[in-house]
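One chain, chain A, appears in both complexes that follow, with chain B as partner in the first and chain C in the second.
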Partner chain A sequence: MFWALYLVFGCAVVEETMLEVQKIFYFHVSSAFVAFTAYAFTCVCSLLYLIRKSEKFDALGSASAEIGLVFCTIVLVTGPIWARFAWGTWWNWEARLTSTLILWLMYIGYFVLRAMLDIDLRKTYSSVLGVLAFLNVPIVYYSVEVWQDRLHPPTNTKSQLPPSMTESWLVSWLALTLLYVFLLILRTQLVQMKSRIDVLQYDQVNR
Partner chain B sequence: MDVIRQVLWLVHKDLILQFRTKDTLVLVFMFSLLVVLAFVFSMGPFFSFGLEERSKLAASVLWISFTFAGIITLTRSFDVERSDGAVHIIRLAGVDPSNFYISKVLSNFIFLTVLEFILTPVSLQFVESLDLVSVITLFKLLGILSIGTLGLCAVGVILSGMASTTRGKESLLSVLLLPLVIPVIMAGTKCTVSLLSTGTLQGTFWIMLLILYSLVFLTISYLLFEFVIEG
Partner chain C sequence: MLIPKTFLFIVMFVFVLFVGLFLLSEIPVIITSDEVFLALSESIDESVVTPIVNEAKVEMLVKQSVAKLEQRQATRLKYLVSAYFAIWLIFFVYTFWLVRMQSELLKRLELVEKSRKA
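Let's turn to the complex of A and B:
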């Protein structure tokens, strides 16, 4: 992480038209990658939970969704700052922006649902929603793309960046992904501990 | 054969309940009418702007009011099942969860389509667009609306099945459902605008999207619904 920060602020070439603001790019794009990875992982875990009914997958899936939500929020906060300088507007209805927003809204719904349910229904229902929500993402993406013309650069522009930028970006992406894995492990342990406490408390009350 | 019989019986039961008690019927009908009126009152009494703009207004009025009507209808249709544990009785009667899902989609779809058939001409008249469209265009529009409703019901039934077990029923359902049906609303309004302003569908992308969306979510929800009922 510190290495990434050093590279981003120390080594990478300052972009000509946008100066320092361009440095958001490293964290914005990396966070977006991590958020999508996290949600894909949630979808896989949800499916596995529905098939296997193992507590472990529910803990992993919900922890991953939670971290995904944090990274998604980072994307949505840094995105408009970037957009203000690059396109001269805080927000527009471009496909990737819109689908990220809708993704964010759907996972807020995921946590509202979890908070409102009893412990036994919570796991199954949130897994069902985890699958439904993730499958909706490509549909939203393609429909918004047709709905509004695109502004984001096509995804294969990495090769046009100067080497110091590419290097910094790769390192910050790696750093954030490692951070995600680290948080995921911690959070999963926490969720498992919490459910154990719930069970113990339940036993205590009903004794 | 057994599947069709089961589904038809359940749909029959739902529709009898809807049309005999009439509380949902009146409530949803009045609600959608009031949403349309709220739109009309906020957009001003004279609709002097151009055809394109007027079609956009009509499209948004229709789709917003029917989406909200859908949320209420879906919530009510599971309220009936959850109270007094009617779901468990249906399960004990040997009904397959996926048949139960299909029957719920069908009964909500029929109910909402009837509502749309009555309310669409009225709403169009309110935004002063009815005399602009021919009868054939009106039928095409109703076709588009019913495909959109099918998509809405496909996702809505499974989410409503989940939301009905909580305290927050209606508000929770809207938080879960609205982000998921955004493609339906987008595609539906695009189709409606082009139908109202030109009389034909320009390009097949949006109508294909509507059909594809309905099919995809019907299939997935059909497979997943078992977990919602079993809990």
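Let's turn to the complex of A and C:
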């Protein structure tokens, strides 16, 4: 993370149109990719839970969805700051912004569902939603091409970046991905710890 | 398992370091030729329409241009710092929430084990 911050602020060349504000890009785009990775992992774990009914996959899937939500929140917070400077408005109902907001709301729904239902129903239904919500990720990614909105750059823009910018972006992406893995391990341990306590309490009550 | 607390400390440390470096360091003025041209032409437009005739006038225009450049850079830095502040605030709040959850779970575990022994 230190290396990423050093590259972003110390080494990456300043872009000519947006100047310093362009440096938001490195963590904004990286957070978006990490959120997509987290949701893809949730989708895989949800599928595995539906097939094998193993507690481990439910714990991993819900932990990953939660961390994905954190990264998606970062995208939705830093995006408007960029937009205010670049487009003169905090929000624009453009395809990518709208689809990202829908994605965020879907995962809010995932946790609302988990909070509402009984323990067994919760795992099954949230796994189904975990799979369905992931279908929105390709929509978000290709929204610029599909709806021909030109506020966001097309998906192949990274190949046009100068080397120092590409390096800074890749290192930021790597740093945030490692942070995601670390948080995932931590959060899964807490979920498993909570389940163990619930089982112990349940045994005590029924003894 | 003390990892969340350590992690919270690291998040705070990076945040303080980032803000500290930003406040203490001299921020280099990054300007492009387009920016200089724009600021200079705006300053000329704002001055009297008559052509520049003396050095004092030129000096005043340059000062105005520099002030405009600095003002613009300050605005841009506000956006940049706000974005990174928001990112770290989100990480901080989430880690803090994890630490609280962990301490609550440890308390619950202790209670359950106590009552099991009793």
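To be clear about the criterion, the second predicted complex is superposed on the first by the 192 of 207 C-alpha atoms of A that agree within 3 Å, B and C clash if a C-alpha of one lies under 4 Å from a C-alpha of the other, contacts with A are read in each partner's own complex, and residues count from 1 in each chain.
Note that a residue touches a chain if its C-beta (ideal position, glycine included) is under 8 Å from a C-beta of that chain, and two chains touch if they have at least 3 such contacts.
Owing to the predicted nature of the structure, the values given are computational and were not obtained by experimental measurement.
Undergrad: Per the contact definition in the header, classify A:V181: touching chain B only (first), chain C only (second), both, or neither.
TA: neither
Undergrad: Check whether A:I119 is in contact with chain B, with chain C, with both or with neither, and answer first, second, both or neither.
TA: Touch status of A:I119: no partner.
Undergrad: In the overlay, answer first, second, both or neither for which of chain B and chain C A:I81 touches.
TA: second
Undergrad: Counting only touches as set out at the top, which of chain B and chain C does A:L129 meet: first, second, both, neither?
TA: Once the two structures are laid over each other on A, A:L129 reaches chain B alone.
Undergrad: Using the superposition on chain A described above, determine whether A:I51 touches chain B (first), chain C (second), both, or neither.
TA: It touches nothing on chain B or chain C.
Undergrad: So in the superposed three-chain picture, is A:I139 touching just chain B, just chain C, both, or none of them (first/second/both/neither)?
TA: In the superposition, A:I139 contacts chain B only.
Undergrad: Overlap the chain B and chain C contact sets on chain A and report the shared residues.
TA: After superposing on chain A, no chain A residue contacts both chain B and chain C.
Undergrad: Over in the complex, which chain A residues touch chain C? Could you list them?
TA: Touching chain C from chain A are residues 1-2, 5, 14, 16, 19-21, 23-24, 27-28, 31, 70, 73-74, 77-78, 81-82, 84-85, 182-183, 186-187, 189-190, 193-194, 196-197, 200-201, 204.
Undergrad: Report the residues of chain B in contact with chain A in the complex, numbered from low to high.
TA: Touching chain A: residues 155, 158-159, 162-163, 165-168, 172, 175-176, 178-180, 182-183, 186-187, 190, 205-206, 209, 212-213, 216-217, 220-221, 224, 227-228, 230-231 of chain B.
Undergrad: What does chain A use to touch chain B in their complex?
TA: Listed in rising order, the residues of chain A that touch chain B are 50, 102, 105-106, 108-109, 112-113, 116-118, 120-121, 124-125, 127-129, 131-133, 135-136, 139-140, 142-144, 146-147.
Undergrad: Quick one: which bits of chain C touch chain A in the complex? Just the residue numbers, please.
TA: Per the stated touch rule, the residues are 1, 3-4, 7, 14, 18, 30, 32, 34-35, 73, 76-77, 79-80, 82-84, 86-87, 90-91, 94, 98, 101-102, 105, 108-109, 112-113, 115-116.
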